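Accompanying notes for the structure given below.
We call the chains A, B, C, D and E, going by the order they appear; numbering starts again at 1 in every chain.
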Amino acid sequence: MMIKEIITVILLIVGCFFFLAGTLGVLRFPDLFSRLHALTKADNLGLGFIAAGMALHIASPWAVLKILSIWFFTLLASSTSCYLIARFQKEKEQPTDRKEGE
Amino acid sequence: MDGVFIFVIVFLLLNIVLGLFRVWRGPTVADRLLTTQLFGTTGMAVLLVLAGYLQELTLLNVAITFNVLAILLVISLFKVWKKKKGETP
Amino acid sequence: MSVLIDSLLAILAIYLALQCLLAQRLIQTVFIFFAFGLALALTWVRLGAIDVAITEAAIAAGFMGVLFLDALRDFSPAVSKKQQNLEAVRNPLPGNDTKRPILPRLALGLGLVLFLLISLEAVWNTPEGKGLTVVTGVMLPDSGVEHPVTAVLLNFRAYDTWLEIGVILMGLLAIFAAGGKEVYRKSGMTAEDPVLRQVILFFTPILFLFGAFLLYFGKSGPGGAFPAGVLWGAIGILLHLGGRPVLTVIPRWLLYLILTIGPGFFILLGFLLMTTGSTLFEYPPAYAGILILIVETMAAISIAAALTAIFTNLNQMSEEPDKIESNN
Amino acid sequence: MINLPTSSLPAILVGLPILVATLSLFFRSRGKAVVGLLGSLLTAGLALIAFVEVAQLGSVIHILGGWEPPLGILLRMDPLAVVFIGMTALVGVFISLFAWWYFRAQESTNGKFSLFWPLWLFLWAGLNGLFLSNDLFNLFVTIEVIGICAVALAVLSGKTDSLFAGLRYLLAAITGSMAYLFGVALIYGSTGTLDLGLLGQILEPGKTTTFALLVITFGLMVKMAGFPFHFWLPPAHSSALAPVSALLSALVVKGAFYILLRLWAEVFGISLTYAGGQLIGLAGAVAVIWGSWQAFMQTNLKLIIAHSSVAQLGYLLMIFPLLILAPGVVAGSADWLSPAWTAGVYQVMAHAFAKASFFLSAGIIIMAQGHDHKGSLRDLASRMPMTTMAIGIAGVSLIGLPPSGGFFAKWMLLKGVFLSGQLWWAPVILTGSFLTAGYVFMLLRLAFAPARDQEPFRPVPHSLQVVALLLALGSFLIVFPAENLIQFLESSETFGSGIESIMEGGAYGNN
Amino acid sequence: METYKIYILTSAVLFVIGIGGVFMARHFIKKIIATVIMGGGVFLCFVSFAERDALTFADPVPHAMVITGIVVAVASAAFALALARRIYQLTGEQSFPIDK
């Protein structure tokens, strides 16, 4: 019992660490693409750890399935939208000389 | 155990708030679009932890609803972007 | 400690709402609007309103978000530049583009601040009401369902819910009136993208099954007709986006049948039961559970069809041939 | 309230129009019209039956789902409600008949117009639901139904300016209903009930109640185009199709007024002050003067009529200061209450008939001339004597000349003003009448003026003109049963009641 | 301080932000979003009262009302969006012309 709880806590803390890393990346990295990279990758990894921790904590097969699918869907959505944001930026940077920012 | 959960939730929410600083600063529009990214992933994590904290498994349904519709949003965004590409040379 | 969670959520919601309205670009506004929806959903969860959270996730953030995102196809920055030039040609007045006079805005701002202060004081001093928790708890066993919110929605206050399902239909008719086409054309987009097709193939059964699960689960827990309807409607929207517009395939009478079966069946059942001497929407307790489930299923079908039709109509609006011609 | 006799009519009055409207969706354009017309005749017949039933039994109720308030919803049909329902039915039937011929006459233009019928039936059901409702949240749902349908009807013509006006109207309507809902939330939070009857007993004065009253009044004022929030009304009403303009002006804005009246009289009596009544009366007075003046300045017929609506709605607001009793006055000794209520009800009815007729006549003129610049009225008297007569009669009722319904309403208002001693309202009423007379006579002068040039003139079916004329006559005929009607209304609990301001009156509490 | 007090204050702030947005924002979409935010504030008010009145379960009546309200608000917002898009399509305008 104790061990399970300890592992849960460790998983949650590791997840938090990755989220922090992602946020720091967003704050400190110099350009958009590296920021995107930091945010998407680190955050999804963090979510994975937190999902694992919670799955362990809740530990009912049905809920574990749901948690896994949540993680999977988030992965899918966030990677696609990351790609789209990057494309958006690229499209805007290349063809015209319009000023960035308002 | 509850203390850990609360700590994690507050930590994640603070993460969002910190990330919002970037959204506020910009400088590019795409940077501001990161909010949704940030919120999507971190918000899901918060929901998961809340599910454990409140002992309420139905919260997972909320998370799944969000996720499934997020896919719809992404595909819609894809279409918007394609349309724009088609229009502006 | 948990006060910290509450205040962080509150600050987030307020900040995002402000940012949403102050954002310079429309795409930014729309994106922050999603984030605002998620912040609100977290708030609902924190307050124990899981039904509301699901509905918010499904309708307010999901469906509304898709509608706003789709609207960006019209109001895109590139077009607006063109538009500005066009306007400059049409209205060559030099002073036309100046900002609004500052004084009315200032007055409005001051008025808002004053209003904010009054409203804060008013809500702060709200006397303790008792709410209807106890009454609902007493009546719940007679309602035919176990989940209190579903009992209120589909039994205790079924009249409001019926009108509300009707409102969705009216919204669709209103969109027809505003210039939508009752005839659905094949979407111009085709499913040439293999990845997109796979995604759609993968998600259609998931959406359907999860919707059905929520519908059935509504009897005993958070769920019910509205989220189920939205999830099923999402199938139609997905197929439309993937170049397979379902609404063109269905014959007209069938389309209207599924659009109206929700409110129609609801009221017909009510009238039918009225002929046995009870009042409108009074279900016999023995059959209440099953009747509510049937009504919910019909409602979910209608909501799904109506939402698909609303999206399709809005989506087709930017593809009208009579683009420039103004019929004034 | 629970022990009143039960009747199933209230439920049918709401359910049937929606059912018919749903049914009509299955048909194509001509079928929609047939079903729609039949549906409106049916609904009107039901309203008549309801009137008879209330006349016999007194107030009746319908407990929806068998769940009593505060948990469930109760529909209540008292004399006041049934008079409004009856008025809606009468005006509605005439407008439906007009619409039937109107759309047939211009069939070629647009098949989309057939959407008028389902939307109008939904709107009608919403109005019936609103008059019957006895529940704060249900009132919100009904005003949303009415709002969406009204805006949808307003944009049916598809013209660009009607779209702009419609969006403005819709945004105003959503803002208004959200403000109303905020007030409902606060009231629910502080009392735990939504039923008007129960609220009237248990609501206690306090900051929250006052604030809730404030936002609810704000929301409803936006919805009924009360003075500072009237900005959306003239463009929306003037750019719609003729039958729609008539509906919006005659019926839709009255819905919000009805809720306001009910809530002030039955629920919020406890937190009103004398000063609050004076303030809303002032808004009404300004609306009367400003709206009439604006109407006088317009050059387009429909804009004149729409601005005149703003003014006529101002008269409705002016009954509120009379209903609120100064501190120390008891309702029994206040003999101006009955005239004030009569003025309110009659102003609603007279304006509904007259304004509907006015807008329909404007539609006829547009059909004949193709535009509605006021110059198009020239020589109308010889070309379309019936329409000229309709405009004249409706105009006389709007001015308030005897023996019209408008005269009766304004006379009762003046009587209430004099009896209560709030003499400062009298000049406003008279000035409003003079200004109204100004624009009505200007229109009539044009109608009898010789035509300046030979404009193209298309003949208009006589049936349309007859309907407009009948509606105009209606604004006169309502005076004849006045005595019986007032007697009937007085059996309602609300009618004739005063609002005793329990809180210490404001600075004006001098009489 | 009880939990619901924080949220009820937030609800008032959101309502005022929304109402300010409806009047002050220029672009149609922003005005429409402002109405949605206003609605969010109102619903938050309902839900916080429900949380305050919770016993074994939270007060379900406000929850049901909020669900109804959300659906109604979305229907009107979708209609407003349709009008805005139609106006844009016909005239190219993205905001109301400044008049008065």
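Everything below uses one rule, namely that contacts are C-beta pairs under 8 Å (C-beta built on N, C-alpha and C of every residue); 3 or more make two chains touch, one makes a residue touch a chain.
On a predicted model such as this, the values are computed, not experimentally measured, just so you know.
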Other chains in touch with both chain D and chain E: C
Top chain pair, ranked by number of contacting C-beta pairs: C-E
Farthest chain relative to chain D (centres taken as mean CA coordinates): A
Chain A and chain D: spacing of chain centres that average the CA atoms, whole Å: 56
Euclidean distance of C-alpha centroids - chain B vs chain D, Å: 47
Chain C-chain D separation of Cα centroids, rounded to whole Å: 30
Interchain centroid distance [CA atoms averaged], chain A/chain B, Å: 9
Sites on chain B at which at least two other chains make contact: 29, 33, 36, 38, 40, 61, 64, 68, 70-71, 73, 77-78, 84, 88
Overlap residues in chain C, where contacts from two or more other chains coincide: 2, 25, 48, 63, 119, 122-123, 126, 128-132, 136, 152, 156-157, 160, 164, 167, 170-171, 174, 178-179, 326-327
Contacts with two or more other chains, residues of chain D listed in rising order: 71, 137, 141, 144, 148, 151-152, 155, 160, 163, 166, 186, 188-189, 192
Complex interface listing, chain D residues touching chain E: 71, 137, 140-141, 144, 147-148, 151-152, 155, 160, 163-164, 166-168, 170-171, 173-175, 178-179, 181-182, 185-186, 188-189, 192
Chain D to chain C touching residues, read off their complex: 6, 8, 11-12, 15, 18-19, 22, 25-26, 62-67, 70-73, 112, 115, 118-119, 122, 129, 137-138, 141-142, 144-145, 148-149, 151-153, 155-156, 158-161, 163, 166, 186, 188-193, 204, 206-208, 210-212, 214-215
Chain E residues within the chain D interface of the complex: 8, 11, 15, 18-19, 22, 28, 31-32, 35, 38-39, 41-42, 45-46, 49, 52-53, 61-62, 65, 68-69, 72-73, 75-77, 79-80, 83-84, 86-87, 90-91, 93, 96-97
List of chain E residues in touch with chain C within their complex: 1, 3-21, 23-25, 27, 29-30, 33-34, 36-37, 40, 43-45, 47-68, 70-79, 81-86, 88-92, 94, 98
Contact footprint of chain B on chain A as seen in their complex: 5, 8-9, 12, 15-16, 19-20, 22-23, 26-27, 32, 35-36, 39-40, 43-44, 46-47, 50-51, 54, 57-58, 60, 63, 66-67, 69-70, 73-74, 76-78, 80-82, 84-89, 91-92, 95, 100-102
